[in-house]
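What follows is a short report on a single structure.
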């Protein structure tokens, strides 16, 4: 299986292709393939520096993928040699003279699978909360430099993989800025508060290898086969896990930050009971007993 | 000391021996030796797949050990080559046609040392909460495959050691099931929410070595000397630490999830004052001053 | 730059010099150099065992450094071959016969930069809370054995570096004591509750290398160049990060333990807006555009 996957994706340019997310916005490209949506930050000449168009394109892409029953996973990556260089410095310079980089989005997201698992909408009313609210698994495929608000965005993805040698930086302390959009909250929960303060206070550049060691990313893959290794994982996720199970468990994990154990277990019991009457549970037992690969419907 | 321990336990079968926990239930074996209770999951022909008898036997064993002043630690392990293969598939298949695998236990546990340290009973009213409520240290000795509800159970033990190469899986997503009995709550607190989502979403098999790396287990020992290495640690714990200190600190740590820092420190100060009038504190100072091994009474 | 730093600090004795923190208290030495304050525990013949004079000296030193606009970082280290051997056993023996080692400090700290970032004073009303409340970054430079209450103190520093081979122990369980001054709360948040219980229950000695692996310290440096490596880092922090950014972000991280995500993000947005009108933000953009080293004023 792995060999097939590598042939399939050996042409990175092909993989990176996709259509502009809307006719007016080509800063995010949208592609569906093999039940997986890939959203590509597409300002390669600026190392995909973050703009409001990128933000609105990501929201639109997550929305669109969320509507589709046959989409099992969403990958976010960058065009060219970078992932996201942080806020575009041209915007920051304007900010210097009065404007702002944090207008609020007025878009209302509709995520149809929100009825799976506990409700978490009230807890994630933040800029990147829409990534947690989406019931499909979201994987950041960090193919190169990842800085500032670009890094914050990845922290609200469910999983993070990075190409070996990719450079990371929070950057804020180098610009005289602070911890924005909830990174002060999510980062300590991911890597502990001591590592969080190290990388927030210094704004130093660190590599994907260190990011893996401190738990900032799930895994560091060799740069040479980065897309292939990442897509192998995502395809495995898409092909062998119950999409329904993932949706429920994603909500359970994001809810657990705001619950005590008793409530978490109570909801788990209720969700387990609901699972027993699902198609995916029937298939989950059947494919095991019949010793064959599963074909989950997600229902 | 280590050499002695290894001779003593070189016959694994001898170590694994023990009596059925009750005359009617031989799915858990109970053994006392060297101030340590070992509870052995005993369905080796089914890789110790989880049943209600195993659950009730574990509760009975923890209860019994908790009553005994001379027991300093409790080890949970599996007979044969597995630890616990998860819910017995025969039961799951029945569930498929209507029955349930989660009847509530009606047994009332009485844990006599609960007066040591802060009260935590209200926070752990869940299936495996009895492991946290027990005031003696509980060590999961994961000698082989550890899956599904078997894995959940180990997460409510205090410490986890595993034999190198042991296979772990959450399994739920492969069966169309969800995160049960509080694993959605305890797992992110142990390994971070990103690793938690990786192993929950995929249900992939991972080895003891990776489990150590992400913090799921405390340590991975070579399979060849697994029981010896684990028992060396447990005997060290039993012979050189104050049982009273451990009981109080176990409650302090499990309470801390539900406290702010000010309360944790306040309780710590109160408990410290109580310690000063304990026998174990007198012995703790005396053995240090006299440069000899301690003999703690646990009082 | 590194070579310069190493020459500068190659004479450890010179670095360790400093003046008694007050005329009556030479158990803490105070030194300012290169915009960095170093506080040195100074009872080398007792491995800097903890006394009330050490505690009061640390508070005084943190207070004094906090008042100074030109101080960008604070280092806490130990004189001689140890860092801090824990509570002085002579005091513990007295405790055995009735007195106490935990008198409350009556000193009122005034930390002038507390207006930067969210207020956190209410959450840290504990013995070592003053370290979290200080708005300057505090780095524990653990040059040797670190035990008991000495270890607790370092856990409330922001960052911890240790010399390879340095011995750590919680020690409490060996003395019949319990988890004091909030270690039951902060340690699980730093290393997870399983590693916390391991080192609390056993009181075993572990080395700096293991401390790094479990996340107890940020990094382990070679013993030979320990002070140089640590000071390289602290100078980098002092010279290239906005002191204003660090102060705000330190408060954000310590606040985040007691916030939900929505509040953390809301405060982050407000603080970001304030940053835009700061001198440090102007300098942060200018030095980047002009491709030169920054000169932050901290305002």
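In this document, chain identifiers A, B and C correspond to the written order of the chains, with residue numbering beginning at 1 in each.
FYI, a contact is a pair of C-beta atoms (placed from the backbone, for glycine too) under 8 Å apart; a residue touches a chain by one contact, two chains touch by 3 or more.
Treat the numbers as computed from the prediction; the structure is a model and nothing was measured.
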| item | value |
| --- | --- |
| Equivalent interface positions on subunit B and subunit C, same or different at half | different |
| Fitted rotation between subunit A and its twin subunit C in degrees, CA, nearest 5 | 120 |
| Where subunit B and subunit C are represented by their mean Cα positions, the distance between them in whole Å | 34 |
| Residues of subunit B whose C-beta touches two or more other chains | 257 |
| Subunit C residues touching subunit A - in the complex, by the definition given at the top | 117, 137, 158-160, 189-191, 215, 217-218, 233, 236-237, 240-242, 244-246, 248-250, 252-257, 259-262, 264-265, 267-269, 271-273, 275-276, 278-285, 288-289, 294, 296 |
| Residues of subunit B defined as touching subunit A within the complex | 89, 92-93, 95-96, 100, 102, 123-127, 129, 172-186, 188, 192-198, 200-204, 214, 257-258 |
